[in-house]
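Dropping the structures in below, format is structure tokens.
Both of the next two complexes hold chain A, though its partner changes from chain B to chain C.
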Partner chain A sequence: MIRFESVEKWFGQHQVLAGVTGEVKRGEVVTLLGSSGSGKSTLIRAVTRLEAIQGGQVLFEGADVAGRGVDINRLRQRVGFVFQAFNLFPHLTVLGNITLGLERLRKMGKAAARDRAMSELDRVSLADKADALPSRLSGGQRQRVAIARALAMDPDVMLFDEPTSALDPEMVNEVLRVMRTLAQDGMTMVVVTHEIGFAREVADTVWFLDKGRIVESGAPAEVLDDPRHDRLRSFLSRAR
Partner chain B sequence: MLEILEDNWLLFLIGQYPHGPVGGLAMTLLLAAAGLSLSFPVAIALALARLSARRWLRGPATAVVYIVRGLPLIMFIFWTYFALPLLIGHTVGGVETLLFALIVYEASYLSEIIRAGIEGLPKGQVEAAKALGLGYFPTTFKIILPQVLHNMMPSLVRQFVSTIKETSLGYVISANEVTFAASQVNNQLMTQPFEVYGLLALTYFTLCFTLTSAARWLERRLTAERGGLGAQPA
Partner chain C sequence: MGYVFDPAAVLTGQYLDWFIWGLATTIALTVAAWLLGMTIGIILTLVRMLPFRPLEWLVAGYVEYHRNVPLLVQILVWYFGVPQLLPRAIRMWVNSHHSEFLLAMVALGLASAAYITEDLRSGIRSIPKTQYEAARSIGFNYLQAMSYVILPQALRIVIPPLINQTLLLFKNTSLAMAIGVGELTYRTREVDSYTFKTFEAFAVATILYLAISFAIMALGSFADRRLKLEIR
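What follows is the complex of A and B.
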């Protein structure tokens, strides 16, 4: 579904991605682990061109996302993205955050968009907050709304960029619970996270990135319990 | 002083209306309000052009803003006064001339306020809109501008205050606003300029001070909104 082929990216002189190659299959849950600065966020941001790359290719369903004739906005509608900082629209209600894309992009009528948004809010157990402004919600609730907003567009894949890193510890689980259910429902997911427990339990594949490369990948059991690289070993020991 | 006020308060307030054109303080407020609201769409266009990735939009817009901001308003009033009738082929009244000059002038200043507001929004807002698949126009008009305009309410009120003061320059081209009314009264009385212009000063001050206080109040409310219960992390 998503293929990275020798993806390279520089920020000035600094190379953040140094030739990443890998594939995410339909229905698969891939978690990206790595210390900060290893390039994992940049990699998933490149999928919908929130980040431009300078070398290699990112393919979505076989087509280069930076290719000619690609309608990037159409592509982005098929790829849900959840940010570390939630990025809800503060001037819109919870419901308004979700219906905006449905009305504007899916061309749904008000009533249909509302129904769809409410069913997504139900899925993240926040139907009672539909008319609240985001500023009235806790961090965990905001992130669940952000997930609902992305899901409402009916994406083929969901990308999560450290979805729990900005949360107080007691709110992490409510977000992880939603993500776990999503994975069980068969959603294709790429999750950048520091939650090793989540990776072990939910992921089909774990990629460990270091200095802009995937240095180790495989099933969680082999990567997490039997790490071959020193970098991964020390990363895991620090994470515990 | 009270006597002057008793005899002329109506002239100060509304000019010769209903026996002649509206003038006085009413015209001052009308000019400032119309000048600011009509310059608003121009200001938004200028700000968006200045932030555009396209050089042919950015360049001219930047030039306009820099040129206008580098010249005093009275220059524009003179230019409009002499050039506008030539361009459109018939004479233009003082009020219309002043209004036109104000629109050009205020648009440049407002565009800078709007631009700063857009640049000051958390980057995540635009990213979230992009990630949803929203294009440039819905992102700009549904996500960015509503937030920017809300945040810039205090600056907008302050700009209204300076516009009110700027309308006094209409005096030089006989736009009958409140300064013009005061000078009419002064010309009649001949001997009491301090009293007359004292009243004028008091009028401007009361108006502007009240509005500035309102701007401060708005600003406090916005700060509370942002810093209060669960502001979003940037």
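What follows is the complex of A and C.
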């Protein structure tokens, strides 16, 4: 579904992605681990062209996302993106955040959009907050709304960029619970995270990035329990 | 000989009518120029944010002209200069349809737009880039992200400076008397020259200007309270 082919990216003189190659299959949950600065966020941001790359290709369903024939806005509707800082729209209610895309892009009527949004809110257990402004929600609730907002567009794949890193510890679990259910429902997911436990339990595949490369990848059991790479070993010992 | 202050003398018969018409014209001119200014101001803001440098310079030039040339000069240019550039048919039509009101509205509106786009730009700059990213990630294009996500927030942030611009615009409508628009100041001068009751005439005008200014401020702070962004 998503294929990275020798992806390279520089920020000035600094190379953040140094030839990443890998594939995310339909229905698969891939977790990206790595210390900060290893390039994992940049990699998933390249999928929807939030970051431009300078070498290699990112393919979505076989087509280069930077290709001439690609309608990037259409592609972004098919790829849900969840940010570390939630990025809810503060001038809209929880419901308004979700219906905006449905009404303006999916051209749904108000009532249909509302129904759709409510069912997504139900899925993240926040139906009772539909009319609240984002400022009145806790961090965990905001992130769940952000997930519902992305899901409402009915994406083929969901990308998560450190979805729990900005949360207080006691709110991490409510977000992870939603993501776990999503994975069980068969959603294709790419998750940048520091939650080793989540990776072990939910991921089909773990990629460990270091200095812009995938240095180790495989099933969580082999990668996390039997790390071959020194960098991964020290990363895991620090994470525990 | 003592001066007898007698407001009633200017508030009767045709003088009262003149004041009422003058006030109505001032309000109509303010509203029309405000709408034009907001529209052009928003368009200029969207244009200058496009990643194409020459457009940015073009808008910068627009802003500098309107901020640095006296408004009266701008109004005179529109009234005496621009119609000559128009095709004859349009010129005839404009001249027979209160051209002075129309051209004053254009001059005032365009000048306001220059200030409004500056305010809006600073408002947009204060909105985190991540908001734009989130909008684009849902699948909105530049214009949609701006109109549904960025501008609604920017407008709320800049309500206080926009109130100031509105007050300035309202007071500047008095300059339109120079091209014969029958607004409040023009009518006041008329009442004055008919009655020689200078103080009374201008006292009435002053009170009317103050009343409208206060109304604009009240309306503005009401809007500000209702729409204020709750970020945290």
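General remarks:
Note that the second predicted complex is superposed on the first by the 240 of 240 C-alpha atoms of A that agree within 3 Å, B and C clash if a C-alpha of one lies under 4 Å from a C-alpha of the other, contacts with A are read in each partner's own complex, and residues count from 1 in each chain.
The rule is simple: a residue touches a chain if its C-beta (ideal position, glycine included) is under 8 Å from a C-beta of that chain, and two chains touch if they have at least 3 such contacts.
From a predicted model like this one, the values you see are computed outputs, not experimental measurements.
The superposition on chain A brings chain B into a clash with chain C.
When the two structures are aligned on the shared chain, A:Ala63 is found in touch with neither chain B nor chain C. After overlaying the two complexes on the shared chain, residue contacts for A:Gly101 are found with chain B and with chain C alike.
Of the two partner chains, neither chain B nor chain C is touched by A:Ala221. In the superposed model, A:Arg142 lies in contact with chain B only, and not with chain C. Greater residue coverage of chain A by touch, when chain B is weighed against chain C, goes to B.
Contact with chain B, but none with chain C, is seen for A:Ala166 once the two complexes are overlaid on the shared chain. Counting contacts as defined above, chain A residues 48, 50, 73-74, 76-77, 81, 83, 85, 87-91, 100-101, 104-105, 135-136, 149-150, 153 meet chain B in one complex and chain C in the other.
Taken together, the chain C residues at the contact with chain A in this complex read 130-131, 133-141, 144, 148-149, 152-153, 156, 229-232. By the touch rule above, chain A contacts chain B in their complex via residues 48, 50, 73-77, 79-81, 83, 85-91, 100-101, 104-105, 134-138, 142, 146, 149-150, 153, 166.
Listing the residues of chain B that touch chain A in their complex gives 122, 124-125, 127-135, 138, 142-143, 146-147, 150, 225, 228-234. Taken together, the chain A residues at the contact with chain C in this complex read 48, 50, 73-74, 76-77, 81, 83, 85, 87-91, 100-101, 104-105, 133, 135-136, 149-150, 153.
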